[in-house]
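What follows is a set of structures for review.
Two complexes are shown next, each including chain A; its partner changes from chain B in the first to chain C in the second.
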Partner chain A sequence: MSVGRRAGATLMVLAALAAGRAVSTAFPLDDRLDAPFVQSGAVGEVVELRYASVTAGDPEGSRRIDTLDALLESPGIWLVVPLTVVAKGEPRLLGYAAVRGSDGRTYRADGMRSQFVRSTAQPGIPHYGSVVVELPPSAAAGAQLLVSLDGGDQRGDGMAEIDLGITAADVEQWAATLAPVDVPWASDLAEQP
Partner chain B sequence: MPTPPRDATTYRTRVRRAVSRGTVTRRLADQPLRNLGVLGAGLVLASTAAFGGLEPVEAAGPAPFELGAQVTAAPFEITVDRAVWVDELPGVYLLDDSNRWLALVATVVNTHTESLGYELTEAVMLVGVEGLLREPLEGTAAVVSSEQSVLADGSRLSPVQPGLPYEMVFLFEQDGSVPPPTEVTVQIAAHTWRADSFDGFFSWLDPTVVAEGTVPIRPAVDSTDGEAAS
Partner chain C sequence: MTTWWRRNRWGVIGLPFALVAALVASSDRVSSYYWHEGLHDSQQVEPGEWLEYRDVLFDGAGEHPLEVAIHLDGTATTTQPWDSEIPFELPDGARAIRVDLTLRAAPDMILRGCFLALRGSDGTRYDYANDAAGSLQPSSPCVPQLTPGPSPSLGAIDADLSPDGSEARPETWSVAPVVIVPEDADITEVLVWWQQPAYAVLPLD
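On to the complex of A and B.
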């Protein structure tokens, strides 16, 4: 191969690499590819997702909660949000619940204190649980509840984003409340004994 | 027919011809490559020296740790107020009743934008304490706590929510047959927010000690009612 042909081939390879790089970076797709499919709603509204219908109830708040086995006190405030889940197609155990505060931070319910109280929901049968999260009072007004199927990876699947309708007056009252909010068992019964 | 003689023009001769327009360049071209390498290294050193490259390097190491002083150790702000030991605490259980807890009473704030968990365990360690039940971290003498509990209610601090000042205690279980220490060396470690080289997900990795110090430890005033914070 002559020197000229070799140089031409090299230039074409470099041009192809540059074109590929330009195409892959010209459009900011990464964030959109990583984002879940968000379905918005409000308290009392049914939010339809691929795998379930979810409905958040009116949140309650206090400095303290009474869980099944402990009385917990927060340096901020507790939010307790009732959640009704109706699974679609097959039994579902929802894996992710969090509150997005008005400060933009995400407060997950996945531990011993902040927790997602639920069990497996059977298709077509309402399952009643709750989302329990502690957060700073300054982040509570305007907070949103986030619910999704996969606990570790929310990309590419449906996510409920529910406006909890919390006002500054609610927060002020809850921050001064020491009477604990009861956190009920997860159940398929709407009213627990 | 005899083979024509190979072109006897050496590489060096060709270079000399190419640069024969100047005496200095010709002499440079006459030098062996080893000398040119030494000359290049000298030029690099001289240029970096102009910007402080030859100044003595200050030894990088952890800052002094003191009780009551806030340490910024991403993604936390950690203030250890006191160190005590206690025979028992409500809500947390020793592996053997004869053991004891060495407790670092602290205030912790998560400064990240999301809830955290394991990072807090890796953020506070004890070094060189005899009889701790947990094994030191690989390649170090540092031992992480067995439990992290909230003082107000004794619950395990999980998850650590952002922006909340938790008054809590790091608990290290010590063999009861070993005398309790009179002082302990505390290490505080910071993490780095970076993409995991395997899966590309961002998380807090690479705990690095940013503060270290030896502090006194004393028995709790009343170890029977869980007043580890006293």
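On to the complex of A and C.
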């Protein structure tokens, strides 16, 4: 092979590599590849996901909650959202629940103080739990509830994004309330015994 | 004059091997997320027949052959849990189904920690839960509660555990675990398994 042809081939290879690099970085795909498949809804609406239907009830708020026999007080507010889950296909234990505040932060119900109260839902049988999140009052109005299946990885799977319909007046009232909101155990029974 | 094929023969010969190597190198998740995850390696018999179930059990002491014969005697709607005095408090739109099984295995076979489920005609799986509808059933649905036989090894801490004082498990025994399902579920199969992906399928008559 002549020197000219060799140089030409080298240039072609470099051009192909540069074109590949340009194609793979030209489009902002990373965020989309990492994103869950979001299904939006509002309080009282059934949000259909691959693995379950979820419905959030009217949120309640207070400075205090009575949760599983412990009384917890917050310098901010506690938000308690009833959640009904109807599993699909096989029993499901939902692993992720959080509230996205109006400040852009995500307040996760991870079991430290904020809690995702639920157990395994048998398919076709409504399971009643709740999401309990502590957050600053300034972040509560306009907050959204996020629910997904995998506690460790929400990429590439369905996520419910539910507008909780919280107003500034709600937050003001809750921030001045010391009467605790009761957080019941998770159950398949609509009314707790 | 050398042809293109002759000049590049080693590259062409190596190309299939390179492709296979690339696929193998990028396929580690097939094992983690498919081969060892989920129920997809079934052992099945015709309705009413005994299933000679075979699997390999992994525990803290290594691998053990798992050999057990399973027979589905029948199913029935019930209101009472298995081996419990506390009655179910069934939610609206749900019913309880008792699964009558007879099993046969060597008394030293490790069978604790099994799972049981019902499967509907639409493929939906309903699992046995020992804590269901306000009642408590035995945790392991395929061995007798009082004579469950040996447990899987937990490894180095086995020596620190209290010895199992229960009597030996009989060679043949019956169980009657109860599964909560929706009222309109059309149940067609009973599933039993110890470690995924293998599972036993016992069709209803």
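A few comments on the model shown:
To be clear about the criterion, the second predicted complex is superposed on the first by the 193 of 193 C-alpha atoms of A that agree within 3 Å, B and C clash if a C-alpha of one lies under 4 Å from a C-alpha of the other, contacts with A are read in each partner's own complex, and residues count from 1 in each chain.
One rule holds in what follows: a contact is a pair of C-beta atoms (placed from the backbone, for glycine too) under 8 Å apart; a residue touches a chain by one contact, two chains touch by 3 or more.
Keep in mind that what you see is a predicted model, and the values were worked out from it rather than measured.
After overlaying the two complexes on the shared chain, residue contacts for A:Glu73 are found with chain B alone; chain C is out of touch. By the touch criterion defined above, A:Gly124 lies against chain C but remains apart from chain B after alignment on the C-alpha atoms of chain A. Contacts of A:Pro91 after superposition on the shared chain: chain C is touched, whereas chain B is not.
Of the two partner chains, neither chain B nor chain C is touched by A:Val54.
Judged by the touch definition given at the top, the superposed model places A:Ser114 against chain B, while chain C stays out of reach. Using the contact criterion defined above for the overlaid structures, shared-chain residue A:Val183 touches neither chain B nor chain C, since it reaches no partner.
Number of chain A residues touched is higher for B, counting chain B against chain C.
When the two structures are aligned on the shared chain, A:Val133 is found in touch with chain B, with no touch to chain C.
Looking at the complex, you find that chain A touches chain B at residues 70-76, 98, 103-108, 110-114, 133-136, 138-139.
Contact residues of chain B toward chain A in the complex are 91, 113-115, 117, 150, 152-159, 161-167. Touching chain C in their complex are the following residues of chain A: 88-91, 120, 122-126, 188-190, 193. Remark: chain C residues 89, 91-94, 123-127, 129, 133-134, 180-182, 184-185 touch chain A in the complex.
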